[in-house]
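Labels A, B and C are assigned to the chains in the order they are written; within every chain, residues are numbered from 1.
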Amino acid sequence: MTFLTADSMTGGYGAADILHDCTIGVDKGEIAVIVGPNGAGKSTAMKAVFGMLTLRKGRVTLDGRDITALTPQDRVAQGMAFVPQTNNVFPSMSVEENLEMGAFLRRDDITRTMEQVYDLFPILRDKRRQNAGELSGGQRQQVAVGRALMTEPKLLMLDEPTAGVSPIVMDELFDRIIEVARTGISILMVEQNARQALEIADKGYVLVQGRNAYTDTGAALLADPEVRRTFLGG
Amino acid sequence: MEFLNAIVALANFVLIPATSYGAQLALGALGVTMIYGILRFSNFAHGDTMALGTAFAILITWGLQGMGVSLGPLPTALLALPVAIGLTGLVMLATDRAVYRFYRRKKVVPVILVIVSMGVMFVMNGITRFLIGVDEIRFSDGARFLINAREFKQSTGLDEGLALRTTQVLTVVTAVAVVALLFWFLNHTRTGKSMRAFSDNEDLALLSGINPERVVMYAWLIAGALATTAGVLYGLDKSFKAFTYFQLLLPIFASAIVGGLGNPVGAIAGGFLIAYSEVAVTYAFKKVVSYLVPEAWEPSGLMQLLSTDYKFAVSFTILIIVLLFKPTGLFKGKAV
Amino acid sequence: MRNIALFAVIGLLIVAEGFTGSWNTALGILNMGLISAILALGVNMQWGYAGLFNVGVVGFVALGGLAPVLISTPPTEGAMAAGGWRILLALIVGVASIGLAIAINRRAAGKMRVLGILAVLIGGFFLYRAIFDPAVEAVEAINPARAGNIGGLDLPVLLSWPIGGVFAAAAAWVIGKTALGLRSDYLAIATLGIGEIIVAIMKNEDWLARGVKNVINIPRPVPYEVDLQADPGFVERAAGLGMDPVTASTIFVKILYGCLFLAVLLILIWLTEKALNSPWGRMMRAIRDNEVAAEAMGKDVTLRHLQVFILGSAVCGMAGAMIVTLDSQLTPGTYHPLRFTFLIWVMVIVGGSGNNWGAVLGGMLIWYLWVKVEPWGQAVMDLVTSGLADGSALKAHLQASTAHMRLMTMGLVLLLVLRFAPRGLIPEK
């Protein structure tokens, strides 16, 4: 059963369309990755799924519900979580306060969720009282993901989570993402590091100029000679 | 003996007044810094907000005094303060709804909001003058001195008297209480933390589901409360004159900027720095120096760095120095 | 078309004032309106061309007002000898020490730099005071009731108008070098401060401007009314027009002033319009509209801003000199920021920021409104309180407060225009 579907998305930020008939889908507990060359509209596609731009055509459904008309805040309430690429923490607030803010919409006790996040990212437990702005890049990304997980979302969306981090940190982050998916949360990820991302992907979408170019499982895309030649450097 | 006299003179003419003034500036600067952090513009109407809030307090105080209510040794205005805060809060919300919200929705550049706040300043000034006139008003009652200069001299045998006015002590105590309350609110309540988050990273705050209109509402209410308190304390300590509060804009903004715009701790530090500098630079140190040096060396001049007419030149100079060398302020606020 | 109609409205308002009030008051409003237009033009240069929010206009106006005193009043006997030269020396010492401190800041490094700057500034300050204070005392001791200041150079008063501009330009250079390049909020606060400081200097340094004692009998470029009234030829021609000599002389003098002011205004408009439509002007507006792009193209934004800031302030300074000439006296106590800075901003915004003709229109219109709000407000208040009993406290309070309604009305006008007609009456092209 497809948990998230975004059908035939067409639209952009202003007069010009960036997305043309773009379709994305994620199953429950699945990791779906969007890759493609620069300017392909990957981030735009994800922002469209999250409701940050108005679609001229197309539909987005989550768990059967049509959410095309909902604002991003409302989609958060429906179970979506979004981790932006930059400016994704509250730098002058502590790690713990960042997590608290992530759970802002929840009125129940959040201690259990917070413990789960600390289990997932143990280093955050050590630095819980430190200001998020003082952490290293990789640790900040963990705070950003942790913040998003505090609403106990059903779909976690990540915009280039490994941008600007070292390869070791990138591997660690991907490991964590796999762990998150194992708990049943669906993951939709835009990535620049196509090869490594497709390695952990259940489903991959290659976008070119706002359109779907190739859609298949991660492994299949990695094996496809066309894809490898065009996007993965052979 | 002479040394003690010097200390007492210094305390009486510099330390005590500067501490009291510093607390008033700190409260004013906190209001300005809060609006800047949340709404991202320098509110030029803040001085006249203080005046309006104080005007409300004065009217209520007169009413209470007319009814025979008093607070013993403390000024009756303290009873009026909560009501005045409430009224000012309503005015702030009304102003936001009628004036500022439109520009917020349009996402104009900050300088437009500053110009708009200039218009609001005019109107508030007019309303204040309409309510209470332009004359100087003294509305403090109750015991005037906690420590009387004459009694001090008699009991200690010193030449120099120390006078500690009730309003001065009141200012410091109230300021401490207000600041403690504010920091508790900002650091330990859900709403307060959401305001800090909003100030820190607006987009992420919106993504987290924080309601921007509620944050703005709280910001105006808190700024109004701070302005009213600062204005009433200043008016009790010195006197109330509608025009004076406009002149306080410069030291208040200097305090907020020196401390780092958007940073509450910075606003307090800046307030005291400006206050102490202003008082120290314009104080005639002749008396204190005379106590400390042998008679032959006694200074003939006043030993005053700047005349008191230029006291805001001090805050201005400090402001310019900070803007030139460290525009984000002492405590890293929002940058240039 | 529409713009001409707007100006015609102003003309009609003035004429109406002449008939319902008196020609004297009408011409008075016109003259001050012309000067206000010049002030608005200066501020509009800074805001409209470069987006600079200058909240210290009052300081530049005051500084310009100093020019007629220092240029065209006669020197006080013995003032220069008693202390005038020493004051000049002290000021040079002060400026030199600041200059030296800046030089040290650039050349030296580390601890030596901080120590050097502190030593120079502190030493320079005390040296300055040592020379300055006794010199000032000496000057102010000379005939304090009628003089007590250093006087002026006794040159023609019309010369003081551009010199007023130069004074203001110098101050603008100093404040611009320090505060431009910062966020617009910060520039606003910095200019607010400098304005207050300049006015404070005028009010307190008696040796310069006599402070609260004011400087009177400043020479004027037009004849004195009493001289005209004593001139038989003038009286005859006045009688021929059916006017008594007193009224005729006052009106004639006002008309002469009006012609002078109009001439200055027209020259300035011509200059500013040429500048606006020149390559320089287009570059300024390009910078204003997209500073980042302009900088990327290699334009030195801060330098351009400084140029505009200085030019706009110079215009304000010149207007300040003109005001003092019109009044024939310098009254430091009248330099209120509300009256000079903020009122002019209302003029610029209402008239149309970015448009020179808009600024002129705004200047004249708002000045007219400013003068008329008081009597109109009084009339309205009379109407409102006509139902109340005479002698009631409320009535007295309401009546007394109409005087304060001027500022509030201006504020309301500003807010309404910003909200509903933000581009002003004559928008930028």
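The rule is short, and it goes like this: contacts are C-beta pairs under 8 Å (C-beta built on N, C-alpha and C of every residue); 3 or more make two chains touch, one makes a residue touch a chain.
Owing to the predicted nature of the structure, the values given are computational and were not obtained by experimental measurement.
Asker: Which chain lies at the heart of the structure, taking centres as C-alpha averages?
Answerer: Chain closest to the assembly's C-alpha mean: B.
Asker: When I count C-beta pairs in contact, which pair ends up with more: A-B or B-C?
Answerer: B-C
Asker: Report the inter-centroid distance (CA atoms only) between chain A and chain C in whole Å.
Answerer: Centre separation, chain A to chain C: 59 Å.
Asker: Quick one: chain A and chain B, Cα centre-to-centre, how many Å?
Answerer: 47
Asker: Between chain B and chain C, what's the gap in Å when you average each chain's C-alpha atoms?
Answerer: Their C-alpha centroids are separated by 31 Å.
Asker: Sort out for me which residues of chain C touch chain B in the complex.
Answerer: 51, 53, 55, 125, 133, 178-179, 182-186, 188-190, 192-194, 196-197, 200, 203-204, 337-338, 342, 345, 349, 400-401, 404-405, 407-412, 414-415, 418-419
Asker: Under the definition above, what is the set of chain B residues touching chain A in their complex?
Answerer: Chain B residues touching chain A: 190, 193-194, 196-197, 200-201, 203-210.
Asker: Using the touch rule from the top, collect the residues of chain A that touch chain B in their complex.
Answerer: Against chain B, the touching part of chain A is residues 72-73, 76-77, 82, 84, 87-93, 97, 100-102, 104-105, 147.
Asker: What residues of chain B sit close enough to touch chain C in their complex?
Answerer: Interface residues on chain B, with respect to chain C: 41-42, 44, 99, 102, 109-112, 114-116, 118-123, 125-127, 129-130, 133-134, 246-247, 249-250, 253-254, 257, 301, 305, 307, 309-310, 312-313, 315-316, 319-320, 323-324, 327, 336.
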